[in-house]
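Labels A, B and C are assigned to the chains in the order they are written; within every chain, residues are numbered from 1.
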Amino acid sequence: MARPVHPQAMTPSRAGRTRTAAPQAASGWYTQPRMLKYLLFDATGIVYLLVGFIALRVVWALGSGPEAWQELMRQLANPLYVAFHAVALVSVVFVAVRFFSLFPKAQPAHIGPVKPPPAPLIMAGLYAAWLGVTAVVTLILAGGLF
Amino acid sequence: MSEQKKTFVITRFDPDRDPAPRQQSYEVPVQPDWKVLDALNYIKDEIDPSLSHRWSCRMAVCGSCGMMVNGKPSLTCKDAVSDYGNRIEVAPLSNFPIVRDLIVELESFMEKLKSVKPWIVKAKERALEEGAHRQSPEQLEEFKQFSYCINCMLCYSACPVVANEPDFLGPAAIALGHRYNMDSRDEGQSERNEIFRGEGTVFSCSYANECSEVCPKHVDPAAAVNQAKFNAVIDWVTGFVTTRGGK
Amino acid sequence: MDVIRHDLIIVGGGGAGLRAAIAAAEKDPKASIALVSKVYPMRSHTVSAEGGAAAVARADDNLEMHAFDTVKGSDFLGDQDVIQYFVGEAPKELTLLEHWGCPWSRNEDGSVATRAFGGMSTKRTWYAADKVGFHMLHTLFQHSLRFPNIVRYDEYFVSKLIVDGGAVRGCAALDMREGVVRLFLGRAVILATGGGGKIFPFTTNGNIKTADGMALAYREGVALKDMEFVQYHPTGLPGTGILITEGTRGEGGYLKNSEGERFLVSRDYGVGTKAELGPRDMISRAIIQEIEAGRGIQGPYGEYVHLDLTHLGEEAIMKKLPMVRELTKIYVGVDPVHQPIPVRPVLHYMMGGVDVDIDGATTLPGLYAAGEVACVSLNGANRLGSNSLTECLVFGARAGLHALNFVRGTDGPNETVCLRQAEEEAGRIAGLRGKRGKEKMSQLRRELGIAMESGCGVYREQASMDETVHAVAALRGRYEGLGLEDKSTVFNTELTAALELGNLIAVAETIAVSAAHRKESRGAHARRDAKTRDDQNFLYHTLAHTGYSGPRLSKKPVTLGIWVPEERKY
């Protein structure tokens, strides 16, 4: 029927004058598609944490000589790592799309004398920047630049 | 008028008698144009007078009658019974301590509302002889939407951060503070932005957007909170560059 | 018993109550002011007002015009000194509200916009889209938070005024949360509790409008004035009674009958060229006459007429009347951009109330009243739309200041005597909680509504009014046999509903008796058996005092001024 939330949620600074029952949240709530989407959005943080560890590992291997590097490349070819990176890619795209769609309405009507551009322009700009940076980095990694 | 029977499962809690909230079922003959509130009033008038609930205007403007209907925050004078099936669960608003039956403790909300200084702050009070401020329709548009809040607190029930962080100011309070920040007549932005960066910090918001989804007056508090984040940061930065005070 | 001591006690936290509190708090930062209300202030029924608040604003307008419109609208029963004062203060009050942040709608040049309204000779109604009451109330409430000397007591039901030595010394109030009665001691009390629309079965009013303040004053011997004049708003939704603002007609809406004709234009209902912008009493009567002539449209809740906004266009409606569109879509499933709205006259406002003078003072020293609960009398026999929000501000402020003066000039109360009275009241309420009896509350409420609707409707006649007088007196007796079930102390809303029912019946009786004795038609009191206004015999205010076997009536003269009563034609 209901699940407890933080016991002090929305509790006033001075004690209530009669005995109150603890604040609850409706339990069916978290299975709704919209709520699930938001939870996944927040949960992708774990993915990035793990990507961070892998990146540290890569940097460490870079500084440890060519044999360590070759060993790392061999390990990263393992299908589990490939699957993880696929998940990471999906997470990044999912978060980016959700964030970009919510970003325009987070712009205040004006900051000092400056007005933000209209929402479609902001979103176009964000996608352009994202895809542009992705293209450049891909080119670098593929050896096309530098 | 055709009639239909629906089962209402209502949370009851009498601190004099009940150790914890319990549920009680009622069979109600509903009319096709009833709102959930009409059914609650029928239960109170005809079946069980001990059911306590808050309500007043029955036209979605006073904000008294917020409750959880089938697990979702709802303004019961606005939601039609016909939108639901034959079993309807009515519970008090989530995330609030429960006082009695469907009535929750509001004091924390009132404190948070007051803490954002929801009034026109002026360095020097405007004299009556100066007449009304000039404010263009465009300037009015900049904050008008955020002034629609009826204080129904559905957004507090929907917000996952309110559920977990007792100090968080919450959607409605931040939206109200932001409404004053964006009002061209106000000069208190620095003060409010400092409050927004303080204990009840706006940065606790993780943009779940649930508050805006449940808001019955289309205030879009999620937009207000996230705009407030922007303003709070810029205010903090300019606070280093310029001397504080005024706009 | 807990004793709560303040200088000034204000009962009711709506437009008038908050304005009085702000006025007093500003004037004297050392004065301690209690704002006691049975609901949180933002739930007060001021919040539901839609159309606008009137004050002279434009260059082509002047105070005399506003005053004359109000005097004529009141069918010459309004006190002209009160009206002159009111129109002068009105622009100042609305400007103050603007300073405090009220988001008035604007013209292109940044000045405050005004719209046309019923009975007004020019555009002088300041508006905030169609949510003026909501914006005004929230502005007042948020502004009041600035004053540390205004202490709020939310969800306290004031059930009795404490009177000692011939003056009001405070009140006894039920703390709804804990279920105990507390004594509020002060040197003056201002009633700002609003009207009593819930006396009638179909009303725009919310659940909390139960004439509490009127009953409080009435029981202490203060007269209720002009109670027979209750306003039926022409355009309420059938069934729910939800208000559809006069602003719809101000923006150009038409009223049409079942034949699609604008009956206010094609037939003579006394509104002349003003048509849909005539005064409310005349429009309500016109609609009832159309329905009685068979030109109403049949619906599940009775007959109604059409309010047609389809010619205004979506843009205009979304800009000026967005809440109306939402209301009609949610509550009657109609989109006013494409379809006409079903409307019929619905009880809306009470011109009558606690008898006060221009300072808001009653005949009981220390007791003041402002807003709909009071009858100053600004509105006489019929109120013009958009005058009452301004009334709350003007007379709320005035009552606040005068009550403050009274506080300074009077000494403290005799605590022992007051405590004894409060303890008696606590005993009475404890006895009421869960009391055994055979009468059912919802049944009594229903019968009260039926009786009042039949005797004190838009059109009245002697026989049905007399029947209503007897019916309500009988209900007063049956109320003593009321049976309650909820014995809980915490937030017992059955108990407060029972207290409210007692107030409804007491005040309903004054309405019925006053109406039965006024044998003329004036303003909102329209009789089939006395169709004309009789200034010779009936140019006075009716006073109703509490008596052993019902209200005792007496007369109070009308303060005339530069305008002499003439035929009321538009």
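The rule we apply is simple: a residue touches a chain if its C-beta (ideal position, glycine included) is under 8 Å from a C-beta of that chain, and two chains touch if they have at least 3 such contacts.
These numbers come from a predicted model, not from an experiment.
Centroid analysis (C-alpha atoms only) places A farthest from chain C.
Relative to the centroid of every protein C-alpha atom shown, the closest chain centre, again from C-alpha atoms, is found for B. Here A-C and A-B were compared by C-beta pairs in contact; the pair with more is A-B. Look at where the CA atoms of chain A average out and do the same for chain B: the two points lie 28 Å apart.
A straight line joining the Cα centres of chain A and chain C is 55 Å long. In chain B, 15, 99, 143 are the positions where the chain touches two or more neighbouring chains simultaneously. Residue positions of chain C with contacts to 2 or more other chains are 177, 490. Annotation for chain A: residues touching 2 or more other chains are 18. Considering their complex, residues 39-40, 42-45, 47-48, 92, 95-96, 98-101, 103-112, 131, 134-135, 138, 142-143, 145-146, 154, 177, 206-208, 239-240, 242-243, 300, 323, 326-327, 330-331, 441-442, 484-486, 488-494 of chain C touch chain B. Chain A contributes residues 17-18 to its touches with chain C in the complex. Remark: chain B residues 1, 14-17, 33, 44-46, 48-50, 52-64, 78, 99-101, 103, 106, 110, 113-114, 118-120, 125-126, 128, 131-137, 139-140, 143-144, 147-148, 150-151, 176, 180, 183, 185-186 touch chain C in the complex. Across the complex, chain A is touched by residues 175, 177-178, 490 of chain C. Every residue of chain B that touches chain A in the complex is listed here, in rising order: 13, 15, 20-21, 23, 68, 70-72, 89, 91, 94-99, 104-105, 107-109, 111, 141-143, 156-157, 160, 162-166, 182, 206-210, 213, 220, 222-223, 226-227, 229-231, 234.
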